[in-house]
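As written, the chains take the letters A, B, C, D, E, F, G and H, and residue 1 is the first residue of each chain.
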């Protein structure tokens, strides 16, 4: 099957998830009480909301990831063509990776890959 | 230098990980190491040590007689009020009034199996049984009367 | 209308609706999610156009990268539970009018201009061809941009780090 | 010989002979959809049971053995139970996204199935960018997790989701590079081409040390990408109770659970395809006799065997290792896996161009 | 802290004993299947307050291995758990937490009171100012198991008793 | 230093305490006012260096309270006990949590169960009981008809 | 594919472009503005691909252009977000208006 | 106040860990202030298992109160009982027969082993390795079986009585213990293989949760927690009771002060306990297992303090007697209480994952802290 399969699979996924959830909707009558809907935090009422600024050290990784991700994207066509093109391709990728590796080293040196 | 350390780091790490995997792998492949006892199915062959304390029982002989004089020593010895002894006055043949046990109430739900009551009992009327299957749906079922209905004190026990 | 066309219209509707919600939603996290859907829809459009490679790239870079980054920065800088302030009424009207007028204008131009296929024959937009052309040093080769991209990425990375790390000591 | 390939072909032929092409398409879609759904269900049941049994044996105990013969119905009972459990939505949650998240995760898991070759000629769509497609679509699942974590309005969920966000995106890189290093050898992204290139031996054996290295890196990276222990920080039980799915219950939780296992299956299938030849039986160079013997084993068995072996390895990891801490986890990726895999890729390229592989 | 004993504030302790839901026995085929599934997949909440929790862990561990019954999937969040095994003493400060955890569980949910403390306060029944005299003052309990602590087999027995109860559709 | 030497050494202090006899360890009794200074001496004076406060107890004697501090020195391995007598109605005492960090929790405990107020304590709150709990449960006159079932 | 005229695809891309424009005009928050910019870039990409497909099917130029646009967009997004975060750290706000006041 | 807001100005998040949480080993409630993943502050909230044992003991007789103490630190229940019995004996000046002394020490060391085994399993589980837990319980079950045979219960044995032990050793005791020693010697090497040497585990432990010797003393830490920082504080060595003075064993200390040091101290202690048991098992003197005591015990007026070394550190019993049959005031000095107070100091600046590891190496038993 061709690209139609994506549509089929998409709907299969929807059907699967919806079916599963609907069963419970249909059969189970949950009891209601005041505390049920509150957020769970080890049995203690939560204070404040997590939907707030959140000091995370992850974003630098995400930034650098994005750059490398793009690099990866360019490497796919390269990888496919590399056997056809031969040695030149190796040279090209060495230059390509070398430049990026510089950036990587720089990031490392600057401590961007250190946890904050 | 840096590279050497880097590589030896990686190798050391992988070695230690493989060691752990070897051990779990060993257990995975050696079923004889499994020590599980299948509880409800092994009831027959299950042998509990005779000292195991499961619950307090009162010994009755075949004539439905027990050795409890109703002295309340066990009640006093019990640290958490598990035992309630209700006494009554029996008439001895000589026409004297004599204190005797009426009901031995035992709150299994309170008992901590500490053995102090058994130690305290002067006549060894009670002992620890090995029964441990105490699950009930209603907790009032756990309050027990230990002396059987109609039982009376064995002759000669003071 | 064939099935394929139906798919196209559904996809376009999806893209536009999600895009519209992305710019109109008052909850910033939802906004990001709608953007995500819109971008995924565009990837779907590329699939439909049989440009699988570009579609995959679209997903990898936009969905897997940029949107995740946007979500992270939302966590970092926003009270993501709070509603964004509603746009000022006058400004909203102006924007609608401006965008609408622009759209009409462009649309009219597009309608007027007839597009005619220039080239003949087709080339398979497969990864192999893309790769070959990318690596070729001939006139139509893209090897120079390919290398330049790496420099661009290097620059971006250094830029990011310099900017993001700048205030770090004060934080600590 | 009865093989899946023959069955699919005969069904296709029969349908085409009987009905109009559109009807055929519709019927086939239906079949594919049902197959996919049942595959999901079966995978979920089997893998969860397998996990429980594997863990039990490693932990010197018996594992489920009382429900059904030898405990085989255990996961059926679990699934039924979960389906019959209330699926509650917290009051404070963003209800729409909260309920959408399991859908996203499941749909993504479904979509990745498309190019997986289950047996010779059994593939839903032999896409020309097969492996790229898989790594692209699987990067979508992080969105589902982030969505779930954020929408729950729960601190544990949010922390877990962000951890997993950072983790998944990071490990995508080395997984991607590992894939590329095989693509360098095969010169094609198409799954069938990759498998065909292993006619005379699997890449793991043909590709010298670099192939082995990239295989190891790939396994580590996908373990991390699927949030499995020792990289299960997103749901680190001893830290964040249940991580991003803390607030999910009933079927909604089951869907996350299921998606996790299906993802494991898929990544292991990909690893098997890339390095162990997918459904390709074990062939060694020109030992024709040996190769023919191997061919007698149905291709689907080969595929499943390899995949399940890899799944077992990943489970083995889980039940052996302690969990990493978040900074160590990212360190591992950025300081070890990524540089190593980059260098490894260059080596691989050299091998590929010079044709040094077998 | 802000642990307002929501449920305790208005009623003085010991308060009332919560009755266990019961009554209508369902016997249709479907219910039978559902109850079979439910009874065989009781996922406990990771909840242990004191000594009994150690015996609960022993039950989970290799020698007694409650995974044979499919109980081993201990969930840390009440949303995904089916049964609370109250393993240990409940004190007044913990009672609102327990209540809250119970409330936050998704239906259907079950409770096992393990040990003397959870059943009745046990050793801490008399002369203590802070112990809840039985967990059923806080939440309804399905199965009680006495002992201090009950040995692992006793807990397994309680779990089997709970399975039986579910299968008969009593709760 | 043995018991006697320790006693001599303590008597040489600026505000010498009184001693109780017959106990296992040297037992000094000081009043609340002098306690903080005394404690500092105990902690830092050369030769004493009681750096390890291993037990803090409050005792309700119906007429007054006593705080009992068990101290030991990890350097010289000698042990002593300090008792501080407190008023029954308003028991209050300067904190020593800045001298021995461990006192912070122990004093909170004494506050929680006996109602002894430690002035200058960084964070004097209920430790075991809920914040809205009434009364000081370990005092002898504590009555709780609701929770406490007397045997 | 062939039943759909090129102009319909162009309609989509144009509409998306102006949706992005609208967002850019109304939003005051830098992150949402960045999101609008992404929409605009995407609409351009659609055009490149569509033109390539419909008008120059024998070439790959459009593909390459959109590839590079995506790369540049990613780099741009990365830098933009770094700037936004930095601004946020200094100003505790990422409203454009606030950013104007601070000249640096 | 911070708790009102949930998130402070600087993007710090206030999060509750416990009372129901897999890694707090019971009902400890920690309020953690986080900045990202980094811990800014840990505030323990206690009392979720405060069972008013001290109050209760004021109305229990000297025979009775011992059994409650096994519910405090239930993992060292024998040692707790031992401390109480010692204190009563000190007050009554009861001379314990030598056989009872040896039995007590044997039981103490077995308990310590069982406790450390459980700790090892639980701690490995905290850092995410699940299998060690089951392996640890296998050995623990072996000890439990021995205990059950002699004492009649698996966990809360109530075996010590003032003046000796409640019952004589089971005839099989010696044989079983020897078997166990042989068995455990092989298994403890497996422990090292599975966890100690593991690179992930090591990196989770090394340099984490640093506690200097001075702060350890100042915070009143005892037991392996303090010994991991190089503070010598083993009561068995410093103030020997029963037969400890005549035994050959080492006080294990390490100087690292981090989680790994504490971990190693406990691992070594297991080996030391084994050697103590080996020394004693063949030399159990014959004789009475219980001194003759009066039926009702009355302590003379006065104050009595006794201390023993539990698996977690120094356990003190402080009895103030007015001369009656019940104590006037009784105070238990629990090791965990002081150890816990150092948690905030140790955890600041580390990650959540580290906090869990630190708590693991502190080996907290919450009822012991709350009493």
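Assume a residue touches a chain if its C-beta (ideal position, glycine included) is under 8 Å from a C-beta of that chain, and two chains touch if they have at least 3 such contacts.
The structure presented is a predicted model; accordingly, all values stated were derived computationally and were not measured.
Colleague: Can you give me the shortest step count from subunit B to subunit F, moving only between touching chains?
Modeller: 2
Colleague: Applying the touch definition from the top, give me the chains sitting in contact with each of subunit E and subunit F.
Modeller: A chain counts here if it touches both subunit E and subunit F, which gives H.
Colleague: When contacts are scored as defined above, which chain pair ends up with more C-beta pairs, A-H or A-E?
Modeller: Between A-H and A-E, the larger count of C-beta pairs in contact belongs to A-H.
Colleague: Considering only mean CA positions as chain centres, point out the chain farthest from subunit D.
Modeller: Between subunit D and the rest, the longest centre separation is with F.
Colleague: Distance from the CA centroid of subunit B to that of subunit G, rounded to the nearest Å?
Modeller: Averaging C-alpha atoms per chain gives centres 74 Å apart.
Colleague: If you average the Cα atoms of subunit A and of subunit F to get two centres, how far apart are those centres in Å?
Modeller: Chain centroid spacing, subunit A to subunit F, equals 57 Å.
Colleague: Quick one: subunit A and subunit D, Cα centre-to-centre, how many Å?
Modeller: The separation of the two C-alpha centroids amounts to 15 Å.
Colleague: CA centre of subunit B versus CA centre of subunit D: separation in Å?
Modeller: That gives a centre separation of 50 Å.
Colleague: Which subunit C residues sit where two or more other chains touch them?
Modeller: Those would be 3, 29, 48, 50, 53, 57, 60-61, 64-66, 68-69, 72-73, 75-78, 80-81, 127-128, 130, 134, 149, 153, 156-157, 160-161, 164.
Colleague: Mark out which residues of subunit A touch at least two other chains, giving numbers and ranges.
Modeller: If we look for residues of subunit A contacting two or more partner chains, we find 3-4, 6-7, 27-28, 30, 36, 38, 40-44, 46-47, 49-56, 58-59, 62-67, 69-70, 72-74, 76, 79-82, 84, 89, 97, 104, 115-116.
Colleague: Can you list the residues of subunit F that touch 2 or more other chains?
Modeller: 128-130, 137, 151
Colleague: Touching pairs of chains, all of them, please.
Modeller: Chain-chain contacts present: A-C, A-D, A-E, A-G, A-H, B-D, B-E, B-H, C-D, C-G, D-E, D-H, E-F, E-H, F-H.
Colleague: Which subunit E residues qualify as touching subunit A in the complex?
Modeller: 1-4, 6, 34, 77-79, 97-101, 103-104, 106-108
Colleague: Okay, in this complex, where on subunit H does subunit A touch?
Modeller: Residues 3-7, 10-21, 29, 35-38 of subunit H touch subunit A in their complex.
Colleague: Within their complex, state which residues of subunit D touch subunit E.
Modeller: Per the stated touch rule, the residues are 52, 56, 59-67, 71, 73-74, 76-82, 84-88, 237, 241-242, 245-250, 253.
Colleague: For subunit F, which residues are in contact with subunit E within the complex?
Modeller: Spelled out, the residues of subunit F in touch with subunit E are 128-132, 137, 142, 144, 146-151.
Colleague: For the complex, which residues does subunit E have touching subunit D?
Modeller: So the residues of subunit E in touch with subunit D come to 33-34, 36-38, 40-41, 61-63, 65, 67-70, 72-73, 75-77, 79-80, 82, 106-108.
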